[in-house]
Every structure is written in C-alpha cells, then in structure tokens.
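Heads up, the next two complexes both have subunit A, just with different partners, subunit B and then subunit C.
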Partner chain A sequence: MTQARDEIKIGGLGASRRRVEDNRFVRGKGRYVDDIVLPDMLHMEILRSPLAHARITSIDVSKAWQVPGVRLVLTGEMMASRNLAWMPTLSYDTQAVLATDKVRFQGQEVACVIADDPYIAKDACEAIVVEYEPLPVIVNPAQALAEDAPLIRDDKENQPDNVVFDWEVGDKEGTDRAFAQADVVSTLELHYPRSHPSPLECCGSIADFDRSTSKLTVYMTTQAPHIIRAAVALVAELPEHMIRIVSPDLGGGFGNKVPVYPGYVASILASILLERPVKWIEDKTGNLISTGFGRDIYLRGEMALRNDGKILGVRMQTESDHGAFFSDAQPSKFKIGLLHSAFACYDIPAAHLVNRGVYTNKAPGGVAYRCSFRVTEAMYFQERMMQAAADDLGMDQAEFRRRNFVRDHDFPHRTPFGFLTDSGQYGKCLDVGLEAIGYQGFLKQKEEAKQRGRLLGIGISTMTEPLGAGNSREYDILGIKMFDSAELRVHMTGKAILRTGAKSQGQGHETTWAQIVAHELGIPAEDITVEEGDTDTAPFGMGTYASRSTPVAGAAVSMVARKIRAKARKLAAHLLEVSEEDIEWELGRFYVRSAPGQGVTIQECAAAAYSNMPDGMEPGLENVAYYDPPNLTWPFACYIVTVEVDPQTGVWDVLRVVAVDDCGVRINPMIVEGQIMGGLTEAYAMASMQFITFDAQGNCVGSNYMDYLLPTAWETPGYELHEVVTPSPHHPIGAKGVGECATVGGPAAFVNAVMDAIRDTGVRNIDMPLLPDRVYEALTQRHDVSGAPPVRTDD
Partner chain B sequence: MYPSRFRYESPRSINEAIALLQEGGGEAKVLAGGQSLVPLLKLRFAAPELLVDINGLPGLDHHTVDPDGTIRIGALCRHADLERWAVLPARQPTMAAAAPLVADPIVRNRGTLVGSLCHADPQGDWASVVTALGGHVVAQGANGRRSIPVTQFVTGPFQNTLGYDEIAVEAVIPAPKGQAAGGYLKLERRVGDFATAGVAVAVELSGAVVTRAGIALTGVGGSTIDAGDAAQSLAGGQLTGDSIDNAADLAARAAQPRTDHRGSAEYKRQIVRTFVVRILTGVKESTERAA
Partner chain C sequence: MTGLYEEIREQPAGDVPVRRVTITVNGAKRTADVEPRLLLAHLLRQGFKLTGTHTGCDTTNCGACTVLFDGRPIKSCTMLAVQADGHEVTTVEGLAGTSELHPIQEGFKDEHGLQCGFCTPGMMLAAKALLDSNPDPSEDEVRWALSGNLCRCTGYQNIVKSVLWAAKKLQSQSTS
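== the complex of A and B ==
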C-alpha cells in the first residue's frame, strides 16, 4: 500500500526526478571530446572535395609539408599503401577513407593534415593542390537509373549500374487480389526530403596510440562504442583487447553518431604513425555535408478501399537515395530498415512493398535520424495516405482511422508486412486526442472561418512503431546480435555503480537507469552512479539509437537488479535466521512472512555480502545481465495539429498541438515529456523549414545553419501533452521506447493540417518542407508541389 | 573558428584608427559588432591582414535626438539599444518596427546599425529602413568628415563608397516634417534567416495628407531597392484603398527578385505587394482613428 509513495521518495519508477547529468551540463562542466586535452596532442584537419563527381588526376602536397608546424600529410595513396584507403560500412558496403581514384560527393575526404595546432593544419590544407577532371553528376534516383547514367561505384566488382539493392516484402498475389476487389483505389506520391540529424556537437575523435603498451585509446563521439571497437579491430587489424573506445559526454547524436567516419580512421592512423595523440574536431559544415543524413526517399503507393471505409490492401513502391556509399547502419536483414512497419496500427489484410536503393553523388548516410531505421518515412507515408484515402472516400479522417484500427482485444496482431504487435489502446488514444483538441468544435470553427476568407485546418497522425531492436533472431548489425547489457556492483554500504552497453547522448540514462535500480532494489536513486561509454569498463552492448535503450539496456538493468535481489534474499535469510521460503520482499526490505516486523534492509544485506556471508557463499554483491528482448516494443501515438494559413503569403501558423503518447510505463515522466517535446520540435522543423538540397552540379545547399534551419524558441509551437498507459507485455517493467515517437509521427500531423486548410483547392500534396512559397504556389496555382525546393533556376 | 592569420589592433582614438587604416592600405578591415565580419573570417571568405577594432573608441555608442528631431546613431550603437529605446516608436515608427526584426537576440546584442549599412548586404534590414527615411552616413577620414546619402553610400552587393581609410562614424535620420508613420515587415523562414523579402515604408503626414513617403525593399535584388516611384505616387495625396494598391503594385514592379530556395521571383513580388498594403493600411486606419 505504501510502496508507491516510498518509491517516488527514493526516486524510483514514476518519479519526475531532476536529471543528474544536468548538474554538470548547466554549469558548463560537461566533458565532451573537444574538452579533452592530452599531453603532446596534435590536431588534424580534413581537406574536402569541392566537386561532387570528379576523377583525381593529381594531388600535390609538397607546399603543405613546407608549412611550419606540419607533422604529417595523409592522402588516399598513403592510406592505400597500408590497405586503409577503403573501409567496410555497417551495411556490408565499402566507403573511401581518403579518395584515391575519384571523389563521389561534394565534401568527400581527400587529404588530412596533422599539425601543432588547428590553425596551421587549416593553412596547410589550403596549400594542397588537387587537380580534378569533372565527371557528370547524379543527384537523384531518376538520374541514377537512367540508361546512360555514369557509373558512380566503378571501384566495385559486379556493380554494373547505380543500384545498391532491390528489396521486397509482403504478399504480392494477395495484394493484387485485394485491389481486384476494391471499390476505390487511392494513390499518393511523396518525397521525404533529405534532412540531417545535426547534433549541436559535431563529430570528432582523439586517437592516442601508446607504443610502449601497444594500446590504442580513442575518445570518440559515438553512440555505439562497442561496435566501433569491433570495427577498429577489423579495419586497423589491431587486437581488440588493445583497443579502448571512450565515448564521453555527447552533445546529441540522433543517429548521426552511429556510423564509422573517415576522420576517426585517419586520426587513428596518424596517431599510430606519429606516436602522439591526434585530435580531429569536425566543423559544422563538415558535419552537415559529409556525415550521415536522414531520409531522402521517394514513396509511391496505393490503397485498396471498400466504400464503407475498410482498407483491403496497400502497395508501396519506393526509391531510396543512399548517396555515394551505403553506410546506413541498418539491421543486416532489412536493407531499407523497418520501412515495412508502415500501416502496423491498422488491420489490413494484404500489403506489398518494393524498394530500390540507388547510389548518387551525395553524402552517404540514410541513418536512422531519431527513428528506428526508416520508420519515420514509413509513418509519414502511412498517415499522409490515410488522409488522402479519407478524402477520396469523403469520410471523416478521424472516423476512417478508427474504423481501421487494430482493436484492443486483437493482440497479438500480425501486421500486413509480418511484424507482431503486442499491445495498445489505439481507439482510446484517439479519443483522448479528439477530446483535448475539441474536434467537433474546431470543425465548426473552421467552417465559420471559411465564410470570412480564413483558412483553418486540422491534421491527425496516429501510429504505432517498432522500437527497441532487436530480438537476436531477426536483428543484427554485421552479424552482431542486437541484445544489450547491464552490470551492477553494490558496494558494502549499499551504494552502487551501474554500467550498461548503451550510451546516452542527452536521453538522461544517468537519471533513469538509477530509477530502475531503485524500483527493483529499493536503493535510493541518488545512491547509484551510472557510467557508460568506456569499452574497458562497460559490458558489451550495441549502443543507443532506434529508441532501444529503455526496451533493451533498460530491461537488462531490471534483470541484473533482480539477480542482485535474488542473492540479497539468501543473505537476508542468513541474517534473519530463517529459510529463504519464509521471506517476503517489499521495496528495499526483506522480512519474515510470519513476523513482518522482523526484517533487514537491502543495505544490510549488502554489508553482509562483504562481512557476514553464510558458509559456502561467494562474497560480494555484483552481477551482469545480457538481455535479448523477445520482441520489439510498440508504443502508440496520436498527434493532432491545428493551423491557420495566410492566403496572401502562404505563411501558416500553428494554433495548437495535442500529443497523446502511450509508451507503456513511464520511468521518469518529466524526461519522457522532454523527449516528446523535442521530437515534436524536430517534426515541426521537417514539416515547415528543413531540407538539404543539391543543385545540378551536386553542390550542397544546406551546408551551414544559415541555410539548414533549426527552429528557435520563437517559431516552436507550444505542446499539450496527454498520456495513455498500456504496459509492454514482455518488458520487465512494462516500458516501451519513446524517444523517437514524436519525430516519427509528428510530421504528418503538421502537413495534414496544412493540406486540410487548403483542401478546397483540390491539391493533394505539397512535399516537405511546407515553406510559405510552396503553400502559396499550391493555393494559387492549384497543383501539387513536389520535390525539393529549387535552387536558382532563373539565372 | 580558425581564420587566416591577421594582425589585430585596438586603437584608443579615431585618429589613431584612421592612421592604422592608412597603414593597412586597403588590406585593413574595421571591426565593430563583428556579426558579419567574424563569420566571413571563420569561413575564410575574408582574410584581411589587419583588423582595426573600434570598440574601444570613445563617443561612438550614442543614439540621440536633436532638438529639431534629427536622429543620430553612433557607429557602436547596437541593434539591441535601438530595440529598447523607449522614445523610438513615437519618433520613428519605421525604425522601431525594424529593430526587433534584425537577425536574432544574440546578434542584436553585438551588431550595429552603422555596421549593417557598411556591410551593404542586400538582405540587410537597416539599409532599407534608412533608405526609406532618406537618411545619410557620416564618414570620417584624415581630411575630416563628409556626409553621404545612404542611397549613394550603398553601391552594390557588399559594396559601399567609403575610402579605405575612412570610418563610418554615424548614421543620421532627418527630422520628419509632419507626423512620422510607417512600418517594417519581413518574411523569413526562421528567426535569424535572411529575408525572403522585407519592406520598409516611411510616410510623413500632415493631417491625412502624405507630405513625404519612402519605400525600400530588402532581399529582392542585388542591392537594397529604393522603390522611389511607389513612394512618389503617395506624396501629396491621402491614403485610400486605391492609392495603397497602386503604390503596392509599383513597389512590386521595382523589386528585382531571383527565384531561389526561398521562393520564386513572382512569390517574392507578391510578398512585397502584400506587405506594402499591410503597412499602409495600418497607417491609414490609425490616421482615421486619430481623426
């Protein structure tokens, strides 16, 4: 009875405990890679290609060597002589470390200078003379697939064209049959533009090779230090136990800090050659033009419908633009990630999806930008398609969704593309959202406004998404199964240190992991230190991305705490001089069932583990747990946005945003709410202003924060948050992933709202970002506005 | 930030500063707020040999109104000073409307109006405002001071008529000869973004009659655009729906926008037209209310 109250007091499950890490962050005491200064450290700068596609005819580095203070100049040729000119990607492709034959995108790494300070390194980079022979440039899939398209990856054997892969999933014949029975077929064609995760801290590394111990230590901006250790062992051919990867405080990641980047590899080689620490810190332009972008996918689809609103089947044909190298970091079985999680919340009998991935002369990436491997693209298409279909049927968009939802008693449910969803209350979430926004009232208000020439609109987006890869049966990266781990050491005084294989980039693991331990053991959260990111001390894990921390590493934290509790129970029995069977557990305390007043605290058990253990018991109170989840977790979200569009300028203002998230049990509600607000802001950014586009020569437009727009507090709308709780049936504490829900589900709500406001024009689609000029064009020209915004077309 | 190597001097008097510029012989740059120059240094688009930091010079941070109503803005007066200047909305509503729209709060804390005029970015807000108000720039060199109308001061994108050894020490806005009215509107994709289009409108009213008008446009040409015909069409008459529409059409015609990722040329013209109408309609309505 009193347990719940006690639990909040000790910072357990459900406590909106202040973030422990903020103590240092708000004081400017965070320790990021660039804050680390080692004795005798040198600085590395990268020379990048100004051209998107060109053959390198010569590189003259002689003038760079003459700049005083230069210690080393690296070129592709030098890398090649050590078999390091190319490296494997996380998706079974190869990527140039430093270009040898050709440059394949603007911003590609061509040479590196290592010098006494970064000014000298930059000066020397400017002294390198590279001669290029320009080649025809490819900036989109249509060009890549043209018959006479130049071959981008002529370095690869058995690569006759620019196709990276073809991938197919679903039931083609069953889907064809569904379409044959359809009363109405709705179609939709979209481009999800290239965006960039754009963490405020760019990528960087300090490689420190110590010849006397043969040990390589690398401080690195990575979301997955253990994967990097394995990759470095393979690429640099160093023994794994002689490699230590340390990922210190990270200033955001959002998927951008999963891949292996040439700068890391070059700094490692430089340190080995020079036997001194070498620091590489990327600047903002380097980050935006060369590191893992998100999205850039063309989505076409159709939906087979019955007149009564029942969806019979869905077809999707998609083309994904991967840039010059396939370095997406997808689970190896799923080439285009979990794009086939589309329509998972709807009961649809048949579906079929084909995807073709192509190479282009653009930066590589296609990383999971704040989403679980292409789920953002899936849910955007899904919810835009739902709105288009509702329009075609002349049906209310909320009612159309409700009619097709998987119902609460129908779980587990096999989705049309084969996932198994396990829980949810979709209808209830929608009801909470509609009630909060005042749906019927708004529809009336919208009609009244129309009479006065004002354009109001309402957009809905409802979705469930797969978070928390894996299970190990289906999910691996380079063959390494996607489990995770936690190690817990309880000290003699009842304090503890917890380490996991995940890596926080701002998610607040130091706060929430301690809350899980507090929940399981009754040790106050403030008595638990959480440490991550150092491969010499942390147990092996796959890192933090795809909202997998809480579903996988968080579950491991629960499981390791339960192992500790099991041993503590034996110690309690010993201390209370009763048998284990006679003991009961309440938060933080074992007691004798028949005499509840007689008990020992978890802290007393900890002391006994070091000072008074029973005969034959191994001393100490520590353990490790590896957790392989039985399934993904399936949070659900309902986002509703209302807008007003200015008919004379196309400017649209967000009136209200209502978010209903069901992410199961919330460990720290404040942090969950922060995640949802952050995600909604990124959703708003993509819907309203953000894109990276390329001109015909492959020049990147969006290479700095003047062109690539992050919304400020001024533009960011206010959010009204609501919750529904459907615990995960398999997660030890019923939690589901949540960090990415709003980024994934949010964009369609904003776009649907604007499209609803201009519905009378008959325009079906404006591709993101819905910049005012594009909305104005749709309003006045009454046609769809497709593709990326143009770049100087009338010169 | 790793700019090219440069020499840095922080003179204590204007004469010392001018001597340094002469010494620099065209390879020197004046640093005031640094909100345009420093990013250029960072990107190595600008690589001056000598940086003459005028922030230590006395007597340049003023923003004052002469007894006759003339407004004087010193070279070290920050955008934020103007944003917080309590008398400005009544004295000069066009300036007051623009001040909070310049870039973002961080830039406004450091950047200067005079520096913005010198930088002569076609996207600069102040050049349009000062043009619409018929203002001028005071330049000081070895041979003393001279006054340059802003329409002659800005000669093209990132070009002004300052000699290499001259410092722009003050911007001057002449006193209005009637009731000052007007405004500044800007469409930007996000706070701090360059303008998709911006419009400065300044009118002087005697009763309901427009005695003087100025209209200038931001971000819709290779340089700040003085929409003189549009302004001229308003002078001597009263503001009516028709006269406003006519001025708006003339302003849109004066714009020379390019299609780019901020919008099509035609769209930018539409924004100019819309903003002229909105500002002038606001003036008309408040005049009618006053009467």
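== the complex of A and C ==
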C-alpha cells in the first residue's frame, strides 16, 4: 500500500497554499529599499530638466553648496571627468547619466545633491541655476522623420538622422502573392499609446561603498540583481566579486525595475566619493517622467482574406517611439522585441512586418510593461484587426477566429513570422468563454437593446503569446544568455533552503518555489525557506520579467530537486541495503520494489547524507541547477467583455468580463488567479484611462497620479475566471508563463466591445484609452479618433 | 535623555525652526522635535521607525501612506507632523497584538488580498475605518471606502473579498 505523502496536504503542486510572504507584509514588516537605514547614511535628490530639448549654456551650483547640510553636488561635468557622464544601455546605445551638452527630454537628470536629509537635498536642488537655450522639440515619429527635423542624438558619430533602426521580418514576396489572391483586403491603423508600468513603489537605491574592504553593496529596486551587478562592474569598472547587489522586497515592478537608471549610478559614485552610504528614493513624478515606459508604437496593417473567412496573409508597417536614448530593456535578438509574435494562434500562410524605430524628445527606456517585449502591442493589433476583418467579411467574430485557429493536432506549428508554438486547445478555450458569457443570448439582448436606443457591445480577444525568455540561441542581455538557476540545500533534519536567480515583486516565489520542491521531493512546503535577490548568496540568474520566473527559474527548481532526489536514492539504497535498481519512488519516500513496506523517507535520506553516508560518497545534500529552456512557453487566453455605451456622453460601463486562461499546469491556483485579475485590471486601465502623452513642447502629460489615471476599486469591474489546462510539452512540470497574459490579451477585448457597441457609426478605430470624449467624438462625428501626441493643453 | 547617551549634534547654520509635538501613536505617547514642514509620514517612518506606512505618490492619490487619525483614515504624506500634535494615530503596526493578527490582516492573507504588499497597510487601515463605522458593508460600500487607495497588483477583487471576510469574522467575534 502506498505511503506517499498527500501532495495537496504538504503544499505541493495544485495547492492554493496561503502565501508565506504575507506574514510580514500584513504586519507592515516588509523590507523595501526605503525602509533600510544604514549608519551615517546620506540622501540624494536629482535635479531634472524642465525642458524637453535644449542646450545647456551654464550650470551654477555655488548656491547649492552653501545650503547647510549639503555634502556633494554632482553635475555632468564632474561625471565626465570620471568617464561616467554616459552609460551603455541594455540595447547597445548610450544614455546620459547627468546631462553635459544638451537635455533631450523633460525630466532628464541634470544634477544631483547629496545631503544630510532629503529635505535639505531638495532645497539645494532648487538652489542650482541652469541656463538653457531651447531647441525644437520632437514628440512623434512623423516629426522625427521630417526632412528638416532637428537631430536629437548629435552626441553620436554616424547618426545623421533620428532613426534608431530599421527592422524587417517575414516573407515579403509570399505575402505580396497572398494579397494578389485576396477576395477582400481589410486595413487598420492605430496608435498604442505610451504607458507607464508605475509600480506603487518608485525606484531607489542605497549605495554603500566600504573603503576598508573595497566592497560596494547596493540595495536597490531591481527585478534583475545579477544583471545589475554585471552592468555595475562594466560601468563603474569595479571587480565583480567586490559588488553585492541586494534587491529586498519590491513594491511592484511590472518591467519598470529592469533597466539601469542614472539615479543608481549617481548614488554609487556619490558613495564612493564620500565613503558613506547614499540613499536615493525617487518621487512619483521622477518615476513617471524619466523611467522605463511601455508601448508608444504606431501600427498599420492589412489582412488578405478569402470570402469564406480564411486569412491568406498579413502585412504590418510599424513605427516605434523610443524616446531620447535607445535603452529598451529587452533581451531578444530582434530589434523590436517580439512584435512578430502577432497572429501566432492563427494559421496564416504568409506575413511580413517592417519596423522603424525613432528617437524623440521623450523619456527613454522602453520596457516590457507586464508583457514580453512588444507582445502586448502585437496581440492588441492582432485582435483589433481580427474584429475589423470579421466586420468586413460580415462574419461572426467568434466564428471567424475559430475558422483560422491553429488546430489542436497541428502542433508544433511554425507561425508566419517564424516562432514555433508547441501546444494548446484554442477552440476549447473559446467555447468555454462563449458558454460562460452566454454568447448567443447576449447577441439577442444587444439587438433588443438597440431597438430601445441602448448601445451594448461584446468584445473577444484570443491569443497565444511567447512567455519565458528565453532560449539561449535567441535571447541574451549584453551577451549573457537567458537561462536561470536554483540552488537547493537540504539540511540534516530534512528541512531545506532554496535560492534562485529570479526575483519576486509580488508574484509569491517564497510560496510557489517551495511547492515545486514539495512536488519533487515530498518535503512539506512549510519546511522550505526561499531566498532571492542577494547576489552574494543567490546563484546567477537573469531575474523576473516577461513572465519568465516559472518557465525558466521554476524549471531550474524542478531540476535541482531532481538532482537531490538522485543522490537521495543512493542514500536510500545504502540505508535499505539493496541496490539502487531495486528502489522505487513515491512522493516523499523510497521503498523496496519487492517489499513496498520497507522504505525510507526523504528526511531519513537527508539525515544519512550528514551522518551515515556510504563509503566514498561525498557528504551533504545540496546542488545547483542552471536551466536553459528549449523553447518559450505558449499559454493561450480567451477574454470576453461586454459593455454598455451611453450615446449621450460616450461613457462606457463594463457589464461582464470572462477570462479563460490556459497556462498549463498551475502550481498555486490562488496565485495564478491573482495574477490574472491584476493583469485584467491593467488591461482595463489602458483601455479606459491610463496613458502618458505629450504636448507640442514635450511637456509630459501624465506626470503624477492626478493626471496619470489608474483605476480604483470603484471603477474596476469584477472578473469571472475559467481555466483549460494544456501542459507545456517541454517544461519539467508542464507549467507555462501567465503573469502577463491578461495585460497582453485584455485591452483588445475591452476596446473591441466598445467598437462593437458603436459599430453602426462605421468608425474603425478609437485610439486607447477610450476616454468618454473620444467615444463621444466617434459617435457624433463618425470618424476615427486618433490619440497620438502632441495633445493640445492650452484649453 | 532617552537612552544611555544622546549625541549632541552641532546645529546647521541657518535658523531652522523646531516645534515639539506629542502624538499618541498606536496607543503610546511619542514626543519629537520636528521642523514645521516635516510630513507626518516621514515622522512616522524615519522618526518613529514605523516603516509599515509607505509613501507612494506624494500627491494624496495612492493611499499607501494611509493611517488612522483619531480613528479616521487620512493620508499621512500630505499632513504635517505638527498638525498631528495632540492627536491619536494608528499605523499598521498598531493593528495587531504582538502575536495575533487582526481579522483584517487574516482576511487579506486568507483571500490573497495582496501581492507586492506595498499598498496593503494603507488598504487595511482604510478597511478598518470602514468596518469600525459599518460592520456589515455591501461589496459596493467596500469598493467605495477603498477608492482612495490604489493597488497595482491585485485588481481589487480579492481585496474586497478580504474585507468582507474580516467583516464576517469580526461580527462572529462580537456575537460570541
């Protein structure tokens, strides 16, 4: 009879285990960067540029030095004398740390003050006098590419224009042939607005250089501590073993805390110069106007269609606005990230995509804002295009999708742009969603409501997306391959400590990683401590973003536990006095095949590893695993939204949101559902209110929470969640990424619903966010509504 | 003198005015000399080392710094420390006893009402103010009461469930 441990009881796979980290968070005992106080610590503030494009004619810091309590004032000139005025970006460009020649976006870092307290540092920043000579400002690609456009990056050699790169993928000739055969060609043009991940906690660092040991410790808000250590070693020219990066609790990340920001670098230099700890905590405006944004891309596309609804080909022409420095934090070898993952869930014979990246006078640092590097834009365009094409064909939008889905038995499937998808049940997910929302019933209700002058709409978004960068062939950061790691040490009593190269920002790794170990070894999850974020103790890993923790680090956790189990098996054979071949494993226990009653627990094996190992065996029970995934993981999602639009005002209310997610095997269903609901809310935010734009002078509109609108509990709709499970064929426990799915696939469902409600106007597109005035304009003027900058701010 | 010794720091030149304030924080009287411009959130965090009160936005929008001020929820990032002189302030550290969690804390844990934890102290205090005055709120009443507090992780649904969970628990405690 089996004596295996009950997996759910020990907190293994599938257990909605309550989170370990909550014990400190609900007590207010989290330890975020700003909570850390070091002896003799000083405080740094940054003076930012009020102008978007200007030549600096003079900087006078003398009055700042006179403010009592000021210890250091840093300018670009001082940085330059140490060769630190510019730093390399993660995208092989350069970025100013503190401006020397010009400022190139509003909010650019111009000077820093280090003082006894942050109030003094702020006072002293205001005492710095900077004289600027304003230059013409560029806020969109059309301006950037105009013939007489001012050159933004005149600091660079061989940069005659404002083009960052040109990039192309797909089969141009094949696509041309597909269009030649089309019965119908559908077109769509839209702007996906600039948005900001805006975790509640802003960025910050405490640099602590100890002259006596030559060791630099930096506590900082980073999703990728090991990459930062490598970058600091390169930028500051310090030996890597003398750098310790500690990422403590993070108050959200969503991609914003991947890049290297000037504030980090300046705080490090200040600590080295002053030989005291220097803390820099950004304020919300600093975070919104200068750190990594998401999106800001212009998408035009065409779809070649046969009358029966078959898609023959797709063309996309896109322009992306990268701001003043190309500092996208994305690790693929593709310049525009994974934009070409568009249409991956549909069986499309030919596709072609071109992209031009441009410099503008806007904040740099495109980040994957809760998405895998432009996947959100890809899926938004895809699903808006699908709805437009279904309308042009006069076909039901659900049926049109179903007719073009890659079928369950067609995997592995090569997408038109070259990705290899490996698993999914797309039709089933759609069925579950349609059933849940009551599709046919709603269509009837919508028609009846229309008779009474009410506007109801239903929007569908279905998509598969590539999650879990990477595989080392196609994904790296500064040449470092995108693997990840886990190190597991089982103590003599069978308790354990696990460390990984990932870094939770709310995803609950301390809870879920232990569940994977419990699943592999039968050690109760509560007996396993999880640690991350300290480069002196954690194995080298690439961090947490792009929904890569579970696909990559989570796989490494499985693999290291299996290494431990392999050694434990030898110990078990020794204890049971049989050969290894005669031993079987069940959860938490090895037993003799011929006598299942005779067995030893994993805890007994752990004790033996320290007290009773066989001759010749190395003592101890610990190991490390580095995992290079063979492919990305491909979750699938179907989101369906119903809305009612008020024809008098353009205000729209969400009636229902149904989400069907297939992210493979769920480690902790409670946490997965939490991720999906958080993602849906960011989708709703982008569709309804959340965006950053600029006026013609390059002033950032959306520079604080009074202008940058985030939904509260009051506006946010309720969610109905459903699941389908198609395990990943290559992940050790069959899991797929999920954190970003709803943010990626969600926006199109909301927008498609509103567009469906106002279908009779003939309007093809309203740019996000669908603010009431934009919807009202579409309803009354019956034309497409663009949201591209510049916006008018004079009225 | 409060400890074995207190270092006498040389005052910076310039005349920085200082006001003495006494605030009852989590039931204990705390006294400090503060610059009149010092924000209450900073006194709590840096002065009294109660770092559970977070500062998120500096503009009274996000609510991460919410504390109870004479029992009412206020945003401590836009109140001056001197305004709190003579008043009572409750922070997240004052919510539970030393070992037992408050039902609101239990609710947030049980219903997965938090992810990164940064908004959580403010959310819980806003929830406490609601439940103190309305022990049996509807979902809409919870959503309205929390609408001054932003969360970027959860999408609020589980936060609302957490508060309703706590309401139920508190009611069962008061009847038993």
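Everything below uses one rule, namely that the second predicted complex is superposed on the first by the 781 of 795 C-alpha atoms of A that agree within 3 Å, B and C clash if a C-alpha of one lies under 4 Å from a C-alpha of the other, contacts with A are read in each partner's own complex, and residues count from 1 in each chain.
To be clear about the criterion, a contact is a pair of C-beta atoms (placed from the backbone, for glycine too) under 8 Å apart; a residue touches a chain by one contact, two chains touch by 3 or more.
These numbers were taken from a predicted model, which means no experiment stands behind them.
Visitor: Does subunit B (first) or subunit C (second) touch A:119, or do both, or does neither?
Guide: In the superposition, A:119 touches subunit B and subunit C alike.
Visitor: Could you say whether A:28 touches subunit B, subunit C, both of them, or neither, answering first, second, both or neither?
Guide: Once the two structures are laid over each other on A, A:28 reaches subunit C alone.
Visitor: By the touch definition at the top of the document, which applies to A:714: first (subunit B), second (subunit C), both, or neither?
Guide: The answer is both, since A:714 touches subunit B and subunit C.
Visitor: Tell me which partner A:789 touches in the superposition: subunit B (first), subunit C (second), both or neither.
Guide: First partner only, subunit B.
Visitor: Mind working out whether A:19 is in touch with subunit B, subunit C, both or neither, as first, second, both or neither?
Guide: second
Visitor: Subunit B or subunit C: which reaches more residues on subunit A?
Guide: Between subunit B and subunit C, C touches the greater number of residues in subunit A.
Visitor: What is the contact status of A:648 with respect to subunit B (first) and subunit C (second): first, second, both, or neither?
Guide: first
Visitor: Quick check on the superposed pair: does A:706 touch subunit B, subunit C, both, or neither? Answer first, second, both or neither.
Guide: Both: A:706 reaches subunit B and subunit C.
Visitor: Using the touch definition from the top, say if A:254 reaches subunit B (first), subunit C (second), both or neither.
Guide: In the superposed model, A:254 contacts subunit C only, not subunit B.
Visitor: If you lay the two complexes on top of each other, which residues of subunit A touch subunit B in one and subunit C in the other?
Guide: Residues common to the subunit A contacts of subunit C and of subunit B are 119, 706, 710, 712, 714, listed in rising order.
Visitor: In the complex formed with subunit C, which residues of subunit A make contact?
Guide: Touching subunit C from subunit A are residues 18-19, 21-32, 34-35, 37, 68-69, 116, 119, 198-202, 249-254, 283-285, 505-508, 670-671, 673-674, 677-682, 704-706, 710, 712-714, 716, 718-719.
Visitor: Enumerate the contact residues on subunit B facing subunit A in the complex.
Guide: For this pair, the touching residues of subunit B are 2, 4-5, 44, 104, 187, 189-194, 196, 258-265, 267, 270-271, 274.
Visitor: Help me check something: in the complex, which residues belonging to subunit C touch subunit A?
Guide: 12-14, 35, 37-38, 45-46, 49-59, 61-62, 64, 91-93, 95-96, 101, 105, 108-110, 112, 114-121, 124, 142-144, 146-160
Visitor: Residue numbers of subunit A touching subunit B in their complex, please.
Guide: For this pair, the touching residues of subunit A are 45, 118-119, 122-123, 126, 648-651, 689, 693, 701, 706-707, 709-712, 714-715, 771-773, 776-777, 789-795.
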